[in-house]
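The same chain A turns up in both complexes below, where it pairs with chain B and then with chain C.
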Partner chain A sequence: MSAYERVKQWNTFARIWHIYDAKWQNPFDSAKVISKHIQGLHKPIYHPLNNCGDHVIVFNSRHIALPGYEWKKRAYFHHTGYPGGASWTLAWQLHEINPTLVMQKAVKWELPRGLSKFGLMARLHIFPDEEIPEELLKNVTSQLRQLRPVPRTLDSYSDKEIEEFPKVMDYPNDYILK
Partner chain B sequence: MSIQKLFSTALQAHRTYLFSIQAHGFKKDVSRKLMELYKRKEDIEFGKTPSPPPPRSSYLEWNYDAELYSFGKRLGEHIEPNLLAQSLTQRSFIVVEEEKQKAVGIEDPILNVQENTPLVDEGKSFTSRYVKQYLRIALPFFPEEGIQSVHNYLLTEKVIANIASHIGMNDIVQTAEYPIETSSLHSCFFALVEAIRQSNDDHTAGNFVRDFVLTQLGGKNVNDLWDIENPEDKLNTIYRNHGEELPEPRLVGASGKNTILANYRVAFYNKDKQMIGLGFGESVQIAKEMAARDALRRLFRTSERDAPIKYNLDINTSQQKKVNPSLEEWNEKILLQATG
Partner chain C sequence: MMNIHGLTKTLASRSFQSVSVGRNIHVTATSFLKQIVEQKQGKTLTIEAVYQPSPRSSTLIKLPEVEDKECCSLCKLDLPIKHTDVLILSQFLRSDGCMLSRRVTKLCSKQQMRMSNLVSMAQKAGLMSKLNPRNSKKNPKLRYGEKKFNNYWDESLMRPL
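Right, the complex of A and B next:
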């Protein structure tokens, strides 16, 4: 193998570091995309025995958005192994204990079963807020697109924006609101 | 219960080099491995390994004249029978034959075949000339240093002996040593080229060299056969020859900077902001050097996107083509004018 062929190989198998903003995103839909990148399934050189997965940094995991009644109805089961050791933790309770766990478990479920899960999960880095260690941020060269736009909340609009918002009609001055 | 059955576990344990029969199970693979190793040792010590086959010429029904005739026909070239016989006879063979005859009592040994030494030098210089000429026409933008390197590779003992053995010269060459050495195959091949040249003309012999020697470049990258030192300096020299601004290296990509798997992509850009070469590497320095290498091979028309070398060119051997420019005086504009 010549020197140029060697660096071509190096470039082909280089690990990319992606970053993903989980703000207002469905963790279960996001996990499908993230798990693909962790395994390297998005690459043409992919093979199950080929170690070609990328790293993904997920931030703002505290601000994920679960669909429907998922916060209330989704239960995370754990059993200590002792009699009576079963426990069911609701999603909102788990999120209060550790705001990265819902995202972490969602990705873990998406990955293929087997021992490779441990190695693959080591390439996922989840941070609850916007603070990411500087040495990890230096590696990042790619951003994963958010699956849905972040909606604006009503209180994020300033008084001026509300005033300038186009209106079809306005109440008459002498109209008394109930 | 028989005695053997009673002690079978203990016997097994002994056979498998287990020192305690209280171990969990028997390590079957240990005994199998040891038995296999012992068998191999036995084979070598008692001479059971197969010896190399005896030379084909020692067989009773060996008819050298018939073999020689069919060898010539298999090549598909017209070769004078005496020239063909001469080209495949090494000096060492003649010496041994003469000694044999002297041992029997013949004062002036008679042999109706000559040694190939005069043919070898002639054939080697012809092959060398033809290969260089062909490469200059097939790779008009490749500098002369590169042509020389590719030529040297093609004429090495390993490559030529490989060709010779694959056209069936292993058994037919008459030489004292057995098995035949690569140096004998190397010189006999050139003698064969010269025999074809003397029986026909330069054109036929040239086509023979083209079909057998130059085709060895198939699947090979000519850039790998020529190592350029300081490619960045060479690239700058070429741009100075063109009278243009020196190309500018830029970092166009990087990933995993803080990891041991860091990867950088550096590209060279010319004054028109066009990318002229792209390189990769684990450090910026290596990526830059590789980018310069890529830029050079794009200029020399030997990059991956260029068409491979043609092996069906008809070369006029009487007409000497001008030598390709050397790396120091390489100029694309002059070359483009020359090639039209």
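Right, the complex of A and C next:
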């Protein structure tokens, strides 16, 4: 085997570590992308019996964004097994308790049903903030693209930028600025 | 005691005096809409109040020419404005975050409604938190309950123009 063939072999079968910034991202849309990379569905050598999935590190999971009023409309169901043991936790309450759980459950639901889920979920590493352990971060060789642009607040623009931005509307002559 | 007529008379004379001397005494509330210009030509002194140019006049966008004369500025521009375009949306707001009236914005009723809906979306998403009443919570992270977390809005669900 030539050196080129050998490197090609390594690159094909090596486990890649991806990193994903979840800031202002919808966890349910991101879960579709993340679950594909965890299973290895993006690779041409994919086969259900082939263990070719990658690792994904998700950070800033505390700063995920849900559309509209979904923080208070989405409920997470749990039953203890005893009579009257049902409970419904709203998404914002769950996120307050643990800022990684909404993201984790979103990816878990996206994976195929069965016992392979446990092995696949072990390749997902979620961190609520920007602090990632050094031993995980040194493996990272690839970054997943964000699905939504991170919006800029009005405070992040300087006064000069706001002033020089093209104006759509002018005040009438007799308007007193407030 | 001075009667009302006499009071107004003295006030009028005082205001005239302040103008001619150039002192900064105002009888009514100051709005700084006009600037007093004094011009002397020979023996005649003309005192004139001139409207000052608005602070936006230098950065106004040039509108494309459209056949329909009753088209408002946003209909002419035909921009796909989203709730994240805070630099455009903040142009329709007062410093306390209230929407300007249609008399001021000169938009058609549909665009005015759309802009006020987009502004409320941007406020809920915490993108324009400084443009709020003085005593309100300016930091969106300190809001109560589900409001402290990030959210975004879908403009495709809005009523089409």
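We adopt the following convention: the second predicted complex is superposed on the first by the 158 of 178 C-alpha atoms of A that agree within 3 Å, B and C clash if a C-alpha of one lies under 4 Å from a C-alpha of the other, contacts with A are read in each partner's own complex, and residues count from 1 in each chain.
The rule is simple: a contact is a pair of C-beta atoms (placed from the backbone, for glycine too) under 8 Å apart; a residue touches a chain by one contact, two chains touch by 3 or more.
The structure displayed is predicted, hence computed values, not measured ones.
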Touching partner for A:M121 - first (chain B), second (chain C), both, neither: neither
Chain B versus chain C as contact partner of A:R152, first or second or both or neither: second
First, second, both or neither for A:W71, with chain B first and chain C second: second
Which of chain B and chain C A:V168 touches, first, second, both or neither: second
Contacts of A:L101 with chain B and chain C, given as first, second, both or neither: neither
Partner chain in contact with A:W17 - chain B first, chain C second, else both or neither: first
Which partner reaches more residues of chain A (counting touched residues only), chain B or chain C: C
Parts of chain A lying in touch with chain C, wherever the complex brings them together: 24, 26, 63-72, 90-92, 95, 148-149, 151-155, 157, 161-178
Residue ranges of chain A in contact with chain B within the complex: 2-5, 7-8, 10-11, 14-17, 55, 135-136, 138-139, 141-142
For the chain C and chain A complex, residues of the former touching the latter: 31, 33, 51, 54-57, 59-61, 73-74, 77, 84, 86-88, 90-92, 94-96, 103-107, 125-131, 145-146, 149-154
Sites on chain B touched by chain A in the complex: 221, 223-224, 253-259, 261, 263, 265, 279-282, 286-287, 290, 293-294
